[in-house]
Amino acid sequence: MDRAEPIYDLAHLAHVELLTPKLDESLRFFVDVMGMVESGRQGDSVYLRGWDDYEHHSLKLTASAKPGLGHYAFRTSSPQALQRRVAAIETTGWGKGWGDGDVGHGPAFRFTDPDGHNIEIYFETAWYTPPAELRPALKNQASRYPSRGVGLRRIDHINLLAADVRANRQFMQDYLGCRLTEQIIFDDGSEKGAWLTVCNKSYDVAISEDHYGARGRLHHITYAVDNREDVLRAADICLENNVFIESGPHKHAIQQTFFLYVYEPGGNRFEIATARARLILAPDWKPIV
Amino acid sequence: MDRAEPIYDLAHLAHVELLTPKLDESLRFFVDVMGMVESGRQGDSVYLRGWDDYEHHSLKLTASAKPGLGHYAFRTSSPQALQRRVAAIETTGWGKGWGDGDVGHGPAFRFTDPDGHNIEIYFETAWYTPPAELRPALKNQASRYPSRGVGLRRIDHINLLAADVRANRQFMQDYLGCRLTEQIIFDDGSEKGAWLTVCNKSYDVAISEDHYGARGRLHHITYAVDNREDVLRAADICLENNVFIESGPHKHAIQQTFFLYVYEPGGNRFEIATARARLILAPDWKPIV
Amino acid sequence: MDRAEPIYDLAHLAHVELLTPKLDESLRFFVDVMGMVESGRQGDSVYLRGWDDYEHHSLKLTASAKPGLGHYAFRTSSPQALQRRVAAIETTGWGKGWGDGDVGHGPAFRFTDPDGHNIEIYFETAWYTPPAELRPALKNQASRYPSRGVGLRRIDHINLLAADVRANRQFMQDYLGCRLTEQIIFDDGSEKGAWLTVCNKSYDVAISEDHYGARGRLHHITYAVDNREDVLRAADICLENNVFIESGPHKHAIQQTFFLYVYEPGGNRFEIATARARLILAPDWKPIV
Amino acid sequence: MDRAEPIYDLAHLAHVELLTPKLDESLRFFVDVMGMVESGRQGDSVYLRGWDDYEHHSLKLTASAKPGLGHYAFRTSSPQALQRRVAAIETTGWGKGWGDGDVGHGPAFRFTDPDGHNIEIYFETAWYTPPAELRPALKNQASRYPSRGVGLRRIDHINLLAADVRANRQFMQDYLGCRLTEQIIFDDGSEKGAWLTVCNKSYDVAISEDHYGARGRLHHITYAVDNREDVLRAADICLENNVFIESGPHKHAIQQTFFLYVYEPGGNRFEIATARARLILAPDWKPIV
């Protein structure tokens, strides 16, 4: 009875700030081709959301000299949970202190993982209230299903590159309470990849080894659509819109995600995927190696 | 900061015991038409599972004079969580004490809800180990995807009838930590239906008003398939196999589930459904009324 | 060896002229919600097409005091086939003479069926040439797949009401060379419905009994989408756009079409359907009764 | 008005005889994994069909020392059409005379194409009459939809290798009345591939250049399923059954078929594909080059 209990302090991956040297083109890609909705602007940033993201935004596009990750954020499951995670992170020395919040959410604690990716956690949030023309027919839906472009439903996960996969993975498990669902370990014991979840999705965060040993880099971010047919349709739409398709539609053997990798005009890899009805329900899931 | 935190003690709906006056026919329905796999037999019971259910079984068919619900069970998220829930339930007077467990899982605490449905909670479980012919090609899958019949993936939810929806709903929230996601309230304030979750599914348990005021009755149980196309295919298969189709394929406005209602030969209503990529990720989801 | 050979003189259903008392609203429905493309205007008419219709248009919307059918047209398989059909029709007394053609096609012979529907047949046609922004990525596609609205692929069939189903059906078989694939005959021998094809689709024209005994009326027209999932998605889109959904998505037992019936704003019933991979390949198909 | 009319004498691709050195294993593949139905046996051959093939069989598996093509056959659109084609073929010197027919069809005229593939054409056929356990719920379906394996619907097309693509293609057009829908022509004018149809499918026969200059060889045969989702499901089933997957699921740029290439145990390449709602309706389709 003395085994450690699972930690449920982080509720879900909340949003990602993506840097782009071509803000206008990136915006057109996400709105016209991906079917996202703009929910706000401030400074050099534009806020976007999928049609069933319940928060103000799940994607923040920020003008920048180079593409890459600005930061990404988790929402916690309660104010108390937020305090517990802050206390834990502060013991590591990776904490950077509190920010005043951003458009759409309240005070956020800022820190980095060992590889240097900027992360924020917060609890207070602004539920999205659609304007009349985006009000859904069904009350249990965050906004109207758009019949424009791919029609991304919600943010799904983020895939990070890290020079030291093991160190980053252990930080996520020990201090954030992420649960490891799959990993790649070579015969020599080196860790090449890790997939971690904070909810019933099979992963919210993936970590892949950065072959160049660089720090703080992004592999891709992923939005969910409903069916495999939606991923195939996304490929058709990307083909018709001259979007560069890197790979797919295929099925990942790892996590069984059915996916399409493309590049948005700013130079970031972007994934459209569906996990189908797959959920990790076991509280003591044994990581697949 | 003094608001109550969400309770994450129950991990997921684990299994349902269904009573059937026609055990052989029910078994043929679930194996041949629904594509489930038999994982054990004991006494008057046969144990079955969907191809991606990770536990020994998610359905226990028990011979009985009449159809209906034997019991249903939740797995807890830890041994400690089990103890906490037992302590809470024992304060209500609905507790019935510990059982020695069943094929496939360890000691279970037994109790009823106010309406009289038999419920069990347990933590220790036997992960399913497929025999050679059912071993999957991918390591992250519980067993081989069957190419027989509908091919049910996993247990999804249970829908109960209750004379007093409100009393039952409050018991589930207060003592089990279920979170209310949707409900039907008439203008006179009477509660007609409630949908509750313990994980990121939009519901694990639904409660509908029993118009006859009877007690402990079942409305239906539901298994998940991956896509809406799978539900449509299920309807084709049921039609070809003389299965009585009560309703669907349709989309529920409530919870947006795309579903098919049929009757299994023993007289129990059975649902095949898909929630697509819909998850309830907000820890503070406001119930849709 | 003296059995009559099948007639292959009509190649396919080519277009339908729909009358609408609300031209602007009908146009917005077909362009914004259904995802069709406008290919021309003339007088009180607007010409539209599905993304894979190869001709200039498959739908002509004409302003009118009331909704209903203007005319519909078949393209013949050759100039010679056109002459043969004209000669056959002229023996019936239903011929109305040659017209000079319309936007998008050459000289057309005009006639009515016994019930009074206006029909045209022609061979010369203008293949659609998409402007740069609608040029497809693949050369074998008539125009770019739109990622707007339902995205209708091509015209599929027309369903007519007729006071005397038998007389109309026999006219279509004897003088146009249509092949009967299914029919509804009541026990008293009366014909209630007929489905006829001129190609490998299971029907290009359906005839249903007009219970009011009126003449020349339309039941609905139908466009094809690729998968059942597209029909389900169409229902979601119609729901979000306040389109009146009459019935579906369902599967017709007759012809097995998976369909959705809606009303366009002008008051005409409109169907979105998929026949999946079903084709009538047998040259001597025995009509299903 | 003196342009040649299209020829509609061949109704559709009817069946293929596949040679296999492992008859039992091939049979298990087609019945258990592909979900076909055995409809007869004679000598060293077993006859099989998809659930919506209307004839007695569409696949004849014959034991042989090596894999490859035995013969393939078209059904004509009438007895008169059969006589016309025989007369035309006899002028070429490729005719081999009449055979007495086979299980399931009447007298067939035998010939080869210039590359040496054995072809038969016939009109008289035995419509398939399902036994009680395979009787479909809907009258317009050839037999019950099987809920076993992939569930192939109907034969779709055959892809042949030929040393001289142009000569073979011209023979198919001039003497059989096939219509060319797409072709690959290199800058030096050499023909590398041709796709020909006799009905509204975008192709019944494809011809690819045989790099080895061999004669009479088969590239693959293809059966149709309804949706792209069925092709993806076929890939899952093949993976679980240790079927060698050569390529796919992907979309062919040519003809836009969504497909999966696998190898059956006898060594023949086999394709599962869907053309979705794509039909070639234009009687004067201009070949895509």
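Per-chain residue numbering starts at 1, and chain names A, B, C and D are given in the order in which the chains are listed.
As a working rule, a residue touches a chain if its C-beta (ideal position, glycine included) is under 8 Å from a C-beta of that chain, and two chains touch if they have at least 3 such contacts.
Note that the structure is predicted; figures quoted are calculated from it, not measured.
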Give me the chains shared as neighbours by subunit B and subunit D. A, C
Between A-D and A-B, the pair with more C-beta contacts: A-B
Report the inter-chain centroid distance for subunit A and subunit B in whole angstrom, where each centroid is the mean of the CA atoms. 30
When the C-alpha atoms of subunit A and subunit D are each averaged to a single point, how far apart are the two points in Å? 46
Two or more other chains in contact with one residue: find those residues in subunit D. 138, 227-229
Tell me the shape of the graph of touching chains, choosing from line, ring, star, complete and other. complete
Of subunit A, residues touching subunit B in the complex: 1, 3, 5-6, 8, 11-12, 52, 54, 75-81, 83, 127, 138-141, 153-154, 181-182, 199-202, 224-229, 253-256, 274-279, 281-283, 285-286, 288
Could you list, by residue number, the parts of subunit D that touch subunit B in their complex? 33, 35, 136-138, 144-145, 147-150, 227, 229, 236-237, 239-242
Subunit C to subunit B touching residues, read off their complex: 227-229, 232, 235, 249, 251, 258
